[in-house]
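Next come two complexes built around subunit A: one with subunit B, the other with subunit C.
Now for the complex of A and B:
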């Protein structure tokens, strides 16, 4: 089935991207995690009419994409999931908020239009920032960073194990749906007579597999926690990156840099 | 139902993180106390399965459309509420990180809207009372169990999805993101999720019935040996419990809806969708001058904003700021394009040298 195969290839693609090497890839995962979360918080905190202030936040993801060498189009493919709900919420703003905010020539632009654009840009920026985090950091490294900030071991181990098994399950479900489709050509989805048994069968098999998995983990000496040995301690560059990025974000949040540029440009031309 | 980052104000997102984080902490504590490390691989495999299972399309008889499975109810029926909640949290985290389905900052809110209601409310108030009750007592034991699972799954999915959808509306409105009046947004979201909930409930019950018939010991509360558990609540008590809960939830909802200024505005203009748009056109001038909705939303925005904002509209200097802002924005955009081009240029050069 298309959706399942898409999901599998998306996962593989993210893994491949995270395995590349670049200055961003080699940064400490915790530094990247903190910078990303702070970026999202500050981006979202912009006033809904503050389009010119918000636009400066575009620079971080663009620089990060450029330095890490990850093609931006891989990220925009994911917008299809983010944008519908954001648009559904934002599209009403122009109708309800008609106070004119500025005039371009004779055309008045209302507050609602500005707030709609701001909302959509926020959605896109946040997606780009979290995409850059995942595309440059492996799941193991993210989990190690989560352990560093004392997220309970059970949740992190569960995250890692689930991630490991998602690709297995996606493959199994994909094989099953393909087989079903071939036996039921022209039928859209699973017939209701097979609703229960289709996933139920796989569920029962998976439960048995989970028990075997646990036995084998115990035999290999699993004592409740994975060891993350491959994450080196933070270097000076990691601290510098975190401090510089956080400082720059706060500067962009406090000072309207776009307006500043604009006034310089206008002042120069006058 | 997955919320993107842009739909939340930082204050709301942080509050939801605290709420979901506390729930996760309590769940971890409870599972640790039970020393249930053996459950870990079970949780992971089931979570992965539910993740993959959500992508299967099920044909809905009689219509051309298809539906999916509801994760929260199924996980809590198989693993119990605490383990189910943690598994849902992990699923949501992976969906957010790798599929951009829901934002990183909105993760706390998403966990609350989908995992908390689905697992805790769905399990303690719906699944457990119904499975333990002696509903359909006149039927044969096996058939009665089947009917109880269908009832619990369908009611559970509908109720938890309604709660989740309502939370989405509440969180978005509190964040001051949308100009859409609270009542209108509710009227948009709730009916859609009523239909989704019904279909998800049916699919979930089909899978759970299959499990109950082939391996009943896997389901929570369904234990053929322990007959003592069943019959604790009669049909009457269960109905009363659900009715009281529904009344409480309904009361809370209407309280929220009526105390909200946007909701009042909505009521003033008219209630039906068609009537509303007509009134909008009639009162447009008046509406523009007063702009009650904008003021109300702005005041909410002011209260919830993470950092105090500087003045923007409604001042003489605003025009100047706007023009320079516009020019500056173009400069920043040009800079961004420049960086992209330069990045590509250097990379190509590097590859050529190699």
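Now for the complex of A and C:
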């Protein structure tokens, strides 16, 4: 398969993942959305040197992945392009913040190193949690949930249309690269002399298509608001899940569980 | 009733695509819109749907096609696009077919029933939960037709409904069209299909009406057709 076709099918695989069934899949989208938002919020709020406290937050994505039956490696594979960017965020901290924070044997570990690791982990954890949400909930259900918490229609519709437009764009790239390759055999990639017209054509074609798609929506009664799939009312299990997860997150945020257990194990005081 | 009075249209200044068209289509008429490539058939449909600006007057049930009336007019018209890729935008066939009924305020339960009925009518029940990007060109064509039938429009506009269809599906579409009491405007290069489904024909040539009238009379007129870059329908030609 072509690289671009591969990208398209990878994007669509997200829909396939969301169509699987597992206890996490069957949870109410609003419950998942709220839990994810709170998780991200609390994870990000950890102090930049609080590595031991942050580590515990890994539990949620790990448990969620194993219960949903989606391998963690799928997440890392699909996010392979964003992950390095997220990890690069704190890369310069060790150079700016050289005050030693702790010693491992004779080696001093500076504040910068700890804050770099903390930042990276925060990014990775948040990505994992978002991935779990997107991989176990259809885009429609997420949008419906967003509308339920009164996110303006404009923003939600924009989100959904952008998501759909990406597939249209990838489709067009795929058609154009195939057509190009078939008439330029033996050539690797697209010759730089054709880049300009290729990009221009891509933009025009995908815009034309988007416009026609939009007409087709209007002709079928679309007036700016999608009729999202009915989200069934939340069940007891959804409430329990949300309350339990949010409670656990707060507990992890307020109490440094790792050092709590550490001090118990070492017999020391808190 | 649909009425065109001296309608002209151009995409770019000076490049007239429709040139002074006047005709009337009565309720429950089936009209075939034929003509060579680039004659202006798709443009005519788009103008009627209010998708392109025009000069002259177009009315649908005495409502002028303009910004004020467009919502009401579009509720009456169902349009099958020439390119089905541009018609389908929901993830699955089922959701796409259900899109219009839901938008027009039908309850989800009723919309589901309607969707199931239309898919069954076109023999598409197996495609129900398939992803739009994972079906063949012809299947997509059939699904696109289903999306419009589900709207239950008063007037059915179909831009080459049978292109890309195998003979079996083509026959299903013809039978479906014939079973509908609605007003129908059908564009096609498949003249045998036009003959099967339409009582009247409008022949377009370079944006003008070259002929209009009884379908059989026009479609058997070899000179007229050949003068406009067309041929006799296969059933009338003596080749085989």
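One rule holds for everything that comes next: the second predicted complex is superposed on the first by the 189 of 270 C-alpha atoms of A that agree within 3 Å, B and C clash if a C-alpha of one lies under 4 Å from a C-alpha of the other, contacts with A are read in each partner's own complex, and residues count from 1 in each chain.
One rule holds for everything that comes next: a residue touches a chain if its C-beta (ideal position, glycine included) is under 8 Å from a C-beta of that chain, and two chains touch if they have at least 3 such contacts.
All of these numbers come straight from a predicted model, not from anything done at the bench.
Peer 1: Should A:187 be classified as contacting the first partner (subunit B), the second (subunit C), both, or neither?
Peer 2: After superposition on chain A, A:187 lies in contact with subunit B alone.
Peer 1: After superposing on the shared chain, does subunit C or subunit B touch more subunit A residues?
Peer 2: B
Peer 1: A:164 contacts which: subunit B (first), subunit C (second), both, neither?
Peer 2: Touch status of A:164: both partners.
Peer 1: May I ask you to decide whether A:87 touches subunit B, subunit C, both, or neither, giving the answer as first, second, both or neither?
Peer 2: A:87: touches no partner chain.
Peer 1: Give one of first, second, both or neither to describe whether A:12 is in contact with subunit B, with subunit C, with both, or with none.
Peer 2: The second partner, subunit C, only.
Peer 1: With both complexes overlaid on chain A, does A:257 touch subunit B (first), subunit C (second), both or neither?
Peer 2: first
Peer 1: Answer with first, second, both or neither: which of subunit B and subunit C does A:62 touch in the superposed model?
Peer 2: Touch partner of A:62: subunit B, not subunit C.
Peer 1: Once the structures are superposed on A, label A:120 by its partner contacts, choosing first (subunit B), second (subunit C), both or neither.
Peer 2: Touch status of A:120: first partner only.
Peer 1: Applying the touch criterion given at the start, work out whether A:47 contacts subunit B, subunit C, both or neither, answering first, second, both or neither.
Peer 2: first
Peer 1: Looking at the overlay, does A:213 come into contact with subunit B only (first), subunit C only (second), both, or neither?
Peer 2: both
Peer 1: Kindly list the residues of subunit A that each of subunit B and subunit C touches, one partner per complex.
Peer 2: 164, 209, 213, 217
Peer 1: Along subunit A, where are the residues that touch subunit B in the complex?
Peer 2: Of all residues in subunit A, those touching subunit B are 1, 3-4, 7, 10-11, 14, 36-37, 40-45, 47-53, 55-56, 58-59, 62-63, 65-67, 69, 72, 78-79, 81-82, 85-86, 89-90, 92-93, 95-99, 101-102, 104, 111-112, 115, 119-120, 122-123, 126-127, 130-131, 133-134, 142, 152, 154-155, 157-159, 161-166, 168-170, 172-173, 177, 187-192, 195-204, 206-207, 209-211, 213-214, 217, 224, 253-254, 256-263, 265-266.
Peer 1: Help me check something: in the complex, which residues belonging to subunit A touch subunit C?
Peer 2: 8, 12, 15, 138-140, 164, 167, 171, 209, 212-213, 215-223, 227, 229-230
Peer 1: Where on subunit C does subunit A make contact in their complex?
Peer 2: 49, 51, 71, 74-75, 77-79, 81, 83, 85-87, 89, 91, 95, 99-100, 102-104, 108, 131, 133, 147-148, 151
Peer 1: Once bound in the complex, which stretches of subunit B touch subunit A?
Peer 2: 2-10, 13, 24-25, 28, 31-32, 37-38, 40-49, 51-53, 55-61, 64, 66, 69, 78, 86-87, 89-91, 93-94, 96-101, 103-105, 172, 176-181, 202-203, 206-211, 214-215, 218, 280, 284, 287-288, 291, 293-294, 297, 301, 305-307, 309-310, 312-313, 319, 321-329, 331-333, 335-336, 339-340, 342-344, 347
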